[in-house]
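All remarks here apply to the structure that follows.
The first chain written gets the first letter, and so on, giving A, B, C, D and E; residue counts start at 1 in each chain.
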Amino acid sequence: MTKTSFLTRSEAVGLAILALIIFVAFPVMLDDFRLNLFGKYLSYAFVAIGLVLCWGAGGILSLGQGVFFGLGGYCMAMFLKLEASTPEATAIQSTPGIPDFMDWNQISALPIWWQPFNSFAFTLIAIFVVPAAFAFVIGYAMFRRRVSGVYFAIITQAIAAIATILIVGQQGYTGGVNGITDLRTLMGWDIRPDGAKTVLYFVNAILLFGCLVVAMAIRKSKFGRVLVAMRDAEDRVRFSGYDVASFKIFIFCVGAMMAAVGGAMFTLQVGFMSPTIVGIVPSIEMVIFCAVGGRHSLMGAVYGALLVNWAKTTFSESFPELWLFGLGALFIAVVMAFPNGLAGLFDDYIKPRLRGWRQTPATAPQPAE
Amino acid sequence: MADQKKVPISPISRRAILAGGAALGASLFLPKGLRAQDFPTDQINTTGLAVTDDTVQVGILHSISGTMSISETGSVQAEKLAIEQINAQGGVLGRKIETIQEDGASDWPTFAEKARKLLVNDKVASVMGCWTSASRKAVLPVFEQHNGMLYYPTFYEGLEESPNVIYTGQEATQQIIAGLDWVAREKGAESFYLLGSDYIWPRTSNKIARKHIEDKLGGKVVGEEYYPLGHTQFNSVINKIRLKKPDVIYAIVVGGSNVAFYKQLKAAGIDMTEEAPLLLTISVTEDEIRGIGGENIEGAYACMKYFQSLENENNQEFVAAFKEMWGDDMVIGDVTQAAYLGPWLWKAAVEKAGSFDVDKVREASPGIELASAPEGYVKIHENHHLWSKTRVGHALADGQYEVVFETADLVEPDPFPEGYQ
Amino acid sequence: MFSGYSLPELGAIITMQGFAGLILFSVFVLMALGLAIIFGQMGVINMAHGEFMILGAYVTYLVSNAFAAYMPALFGAYFFVAMVLAFCASGLLGMIVEWAMIRHLYKRPLDTLLATWGLSLILQQTFRSLFGAREVGVTIPQWMMGSLPVTDLIEIPINGIFVMVLALGISAAVYVMMYRSAWGRQVRAVTQNRVMAGAVGIDTERTDRMTFGIGCGVAGVAGAAFTMIGSTGPTSGQAYIVDTFLVVVFGGAASLLGTIASAFSISQAQSILEFFLSGSMAKVITLLVVVGILMLRPQGLFAMKLRK
Amino acid sequence: MLTIDKLTSGYGESEVLHGLDLQVPKGEIVAIMGRNGMGKTTLMKSLMGIVPATGGAITVGDCKMTGLKSHARVAGGLAYVPQGRQIFSAMTVEENVETGLTVTGKKTVPDDIYELFPVLVEMKHRRGGNLSGGQQQQLAIARALASDPKVLLLDEPTEGIQPSIIRDMARTLRRIRDERGLTIVVSEQVLSFALDVADRVMVLEKGAFVHDSPRASVDEAHVSKFLSV
Amino acid sequence: MENPNFILTVEDLSVSFDGFKAVDGLSFYIEPNECRVIIGPNGAGKTTVLDLICGRTRATAGSIEFKGAELTRMREDQIVHAGVGRKFQTPSVYEDLTVFENLEISYPRGHTVFGALTFRRDGDVDARIREVAETIFLGDFLQERAAILSHGQKQWLEIGMLLIQDPQLMMLDEPVAGMSVAERKKTAELLNRIIRDRAVIVIEHDMGFVADIATRVTVMHQGKRLSEGSMAHVQADPKVVEVYLGH
């Protein structure tokens, strides 16, 4: 088996099952409200996939993914907000035609750096480029100096804290603690009705699969193997002639871009963007999605994001006063008892029973629901 | 909207208020005898709300976890009390209120999610909820899209008027202007130091305050400053205040920062009982004082519409009922009282409309009066805010406020004040 | 900004502002000392550090209530009892946590981060269930509030002095424990060379447990002290976590002196910036500078100078 | 005093010691010779519980050591001077010696230990890391003696040390044995030192003993064949 | 003493850690096809010398010139691309990857980010990997995860990872440590085959093995060169005898 086909058989089966769940089972079984909710969960799955690449494959644990998620979300929100802030819709303001929160903050002209977000094309590019550029700066500074592990985690966490304070503090330009709210249409198409939400769910799902396939391609490429090699024996990779830092920077940027796409889809589906999704707490929760799914498993990341968010919603509906206990216990259990998350459980318990099948060396198994 | 602003102060005489109050007060605490069978469900609920022949479901949506649970707990308690009292009287149109409580978890997207759940899944007839502006902004599109009714209890920055929200707290001008007028008139204050937590309500409120101070009072703002939410170190700003020697510190600090601010102010030797400078706040209710400690804020003035110490019959009954339900050590602040009004205002609107349909309730809402309100008497304005009096309280060491001033008339709500934007 | 003030006024302001910086410094030291032991010496990323502090604050609250109810005459002295009990409570909890959780994770430092985050959620909810969602008001003895007028213009807050004395005291105590006691010798031996420490007869597991416990206990004392200047609620602890980690990392994780030096420089920077800028911007700039320097010097600002 | 019975040990899948047997009576000094990589250090580490033994038994006096943690073995009477000395370099000389007191419960270091190594008294407050190699070696021995052991293990004590000091060290070790009745096992590559210090010389080659004779009858040429380049 | 025939010129090389001089004014010269063995007691600084050459440790003073390029100022991966390969003392392989993938990562193509993303496993790659795998006795293990290999096989795999890079200077740190007798023999055979076309520096203690492969031997002691020459020469050198046997 020297020629690798793009997907092993079990990966193909795993993808098909996931596709079946996301494209068929959810839309059939869930009402509009729940489907939209699951769409929101899936927008977190983008981050989790990026984290599997960075953390699971590359050993880089970022506690600042919320920042990238937020950057993507804010780019999208800025575009939508500008579209919603027509002079007619904002006639009541002292300066019609600018977003309402700017008007409340005595800003009388659209800031220059907001202007390009009138263009949808620019916005789409910005969703990728802005987080990637930011990730590049952080990554370049840190990986070139071989900062890794704990220190990297803590510094990214501080960056998440700074981002939140900055967004909240600069409310004339960012909407402050409220965020950018009351988003209505995308290129004239109303994103609020149930029908639109369903469409957005599918767009989100398709993009998610796109991300998944890209991530798999990266993992399948020699790049992916170099990442694994770096995790096992970084010095050996270095002395095999690789510039380890540039690999880390690249994968960190990829993770950031994936998070940003998720953020943009989050904005579209939820209808606003706010700093509560940028800070430390959501960033750590994103890591938890990834850990619960299995830090090495791309498809596990999707299941992890779905499961944790679903549990959060359900627990908080059924036992609102107790759900933090459940969530906390889940974190601890995953770390202590199932370090490989759902994917690990699948590998250990479910897969052996499927051995009746033809055996294939799978790297990304899909956990059971 | 422009014409609403020109509505003159309601010409309700004091006698009329008292009479109305007595009538309504009597009505509140005696079973009214509206029997469910007089209102067939299919007639009073044409939009598929969760209304049966015996029950009607109402949502409660506050943070019971996360940082905001500190503030929102009182609102939940007040709303539950009101609902229990309404049920004890026979409910609304003969139907018992059942509550579905959701946790917004201090997270705005979660608020939006839960609001959708309450409206779309549970089909609740109305929702009592939200505390921060951010959470309200997050749920607002949901309420507008699914035509729900939200009773929002917090004093807030204004700049909003939604057909789907009844604002039971004061908007900024209602709360701020009377207090500033009072402090200028009674205390001769001329220079002010504005201070706040860094988010929209303090910033907007201070903007209004600054305009009023500079344009109307002819005073001077000597400093304006914001600290991140949760900030706990105020020694630097206290030094700046010493340097500027304002007559008034106008403080809109919220949450945990409040405790830090007042403790440090006291420790720095600024004794508020000496009123040099005087401290005026719009953000510290009795609830907050519990965390701050009465001894640390004694002597400060607060400007809002309700204090637990209000001496009227409605309030005495309310305070007694609240303590009976939630414990003797409870205190009640402005927002808690406003939250208590929500279910009653809704009930009154439903019964006036003779229907649970949101459109009819909305139509019936303007003009609804509540003479039994603990704060005295309130009335829903066309713009969905309440007419209410504004009062200034003087903080005592025991954690209560002594009311030192109240406006003679109800203050008209004006969420889009001209000249203050 | 200084125009229109007389020289004595300016002098007074500068003095008091310097003092404000020192208070902030003391607060940082108190926050960071416990973590400097746990993270700096043991390498455990304890995200529940803030909750251990708040546990100390709640203990203070309970003790103050108990004194008010049963020994009102001695109320003025309750704070000292409270600090001791806060140390014991947080320390004991820390030892239990080490035994149940942390000791299995020494080889996976990043996983301690996730597990202790879970722990912090559980502790928050526990506080909420036990004490209610609202902040509790801790009554501070009268003698600790108010200020000492030094001159007509300069007033020094007593609780500020208390926090400074406490910070100095605890730093000294931690120093003595670490550098003058048999226990500290063992801790340092274990952190320097775990294998060899075992081979000279040190029970490394017990030492780890004690170390973690004492780190948490110090956090508890800090929490008790912060009832004077901050709020005590289920989620109050989260506000401290970023600052605390930054102080420790910035100081060069393994060095106690570095932690103190870093607390000093960060607090002075922030306090000076706060005077000239708005509070929010001062905070952002301070954090940015710290992160920027850490990117350039990941080993921490003071690690090299202090290492022999 | 020290009994090793069919000890096997190694790292992961590679076995380094293939069933060693060794009895050392009280008061005897044994030198275990062998070139690098023959298993001397692994033997020492297995005795101390640093490398887990995969089979066999270790006994000190009547005390079974097998399976115990390092610190418990120290409490049971083993003391260890590791290869490279591994003193705690950021701690002072005095503190280093005091770490050895942990199992005895004593508060201060007995004077007789400092008597053996007068140089350490002068250096008491210097950091361990600032000492010369020979001084560090003395410190490591002092630290080991502080736990009041029955059996002292030394792993390549002469490594990187001046010849003159090596001779002193041999004298000191014998003196310690004589005064305290200690059993000493020393692993060594330098034959002259081994002959200076030991009562019995053994050679370890590829994880097994290939030579065992009392000093008096050691065939130097034969042993140096195992050692030389 | 510039001799254009030397492939590696190390002069006055020193490095100190916290005041401790691990390598102290060391000079030596390697010719293009020689196999140099460095021996010496533990702590003599042998491994540090290799670390200095491959860029893992930065020299305090002195120069390392490889084919006219100064290595002391180059990054590790640049040194590798200049033609220097290095094997670590404890076998360092990628346990989660197969033997094939382990070798493939060292294959000298696609070492940039973009190159790694677009790397194709074509016939050349496949053939070369198989060839190397045969050389290192792992032809039958290509699809096995490296984690399951024996200690000796991991050593070979790491040697193979060097081999596939085809470096002009190969540095091996204790290549037979922990091997069985049979494995040692095979390794000596392997080394004898692969040292033909290149310069090799080996650190080793097994003297039989050293005698098998060495062109010249350098004896290090306390960071300095104690003796250098043929095996017979250093064995006869009284300074070496003293260090190893005492007197």
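In this text, a residue touches a chain if its C-beta (ideal position, glycine included) is under 8 Å from a C-beta of that chain, and two chains touch if they have at least 3 such contacts.
Chain by chain, the UniProt names read as follows: A = Urea ABC transporter permease subunit UrtC; B = Urea ABC transporter substrate-binding protein; C = Urea ABC transporter permease subunit UrtB; D = Urea ABC transporter ATP-binding subunit UrtE; E = Urea ABC transporter ATP-binding protein UrtD.
Quick caveat: nothing in here was measured; it's all calculated off a predicted structure.
Chains that count as touching both chain B and chain D, per the definition above, are C. Shared contacts of chain A and chain E, meaning chains that touch the two of them, come down to nothing at all.
The count of contacting C-beta pairs peaks for the chain pair B-C.
Put simply, the chain farthest from chain D by mean CA position is B. Of all chains, the one whose Cα centroid sits at the greatest distance from that of chain C is E. Chain B and chain E, compared by their mean Cα positions, are separated by 76 Å. Between chain A and chain C, the centres computed from C-alpha atoms are 34 Å apart. One simple way to say how far apart two chains are is to compare their mean CA positions; for chain C and chain E this gives 50 Å. The set of chain C residues touching two or more other chains comprises 124-125, 128, 238, 278, 280, 283, 308.
Each of the following residues of chain A touches two or more other chains: 165, 168-169, 321, 324. Within chain E, the positions touching two or more other chains are listed as 18. Working note: touching chain pairs come out as A-B, A-C, A-E, B-C, C-D, D-E.
In the complex of the two chains, the chain C residues touching chain B come out as 5, 9, 12-13, 16-17, 19-20, 23-24, 27, 124-125, 128, 132-140, 142, 145-147, 149, 155, 157-160, 226, 228-236, 238-239, 270-271, 274-275, 278-280, 282-283. Listing the residues of chain C that touch chain A in their complex gives 43, 45, 47, 101, 104-105, 108-111, 113-115, 117-122, 124-125, 128-129, 238, 241-242, 245-246, 249, 278, 280-281, 283-284, 287-288, 290-291, 294-296, 298.
Those residues of chain D that touch chain C in the shared complex are 48-50, 69-71, 74-75, 79-80, 82, 86, 88-91, 95, 98-103, 107, 127, 129-130, 143-144, 146-147.
By the touch rule above, chain A contacts chain B in their complex via residues 31-34, 36-37, 40, 92-94, 100-101, 103-106, 165, 168-169, 171, 176-179, 181-183, 192-193, 266, 270-272, 274, 276-277, 313, 316-317, 320-321, 323-324. Across the complex, chain A meets chain E through its residues 1-4, 218, 221-223, 225-226, 228-229, 231-233, 235-244, 246-247, 250.
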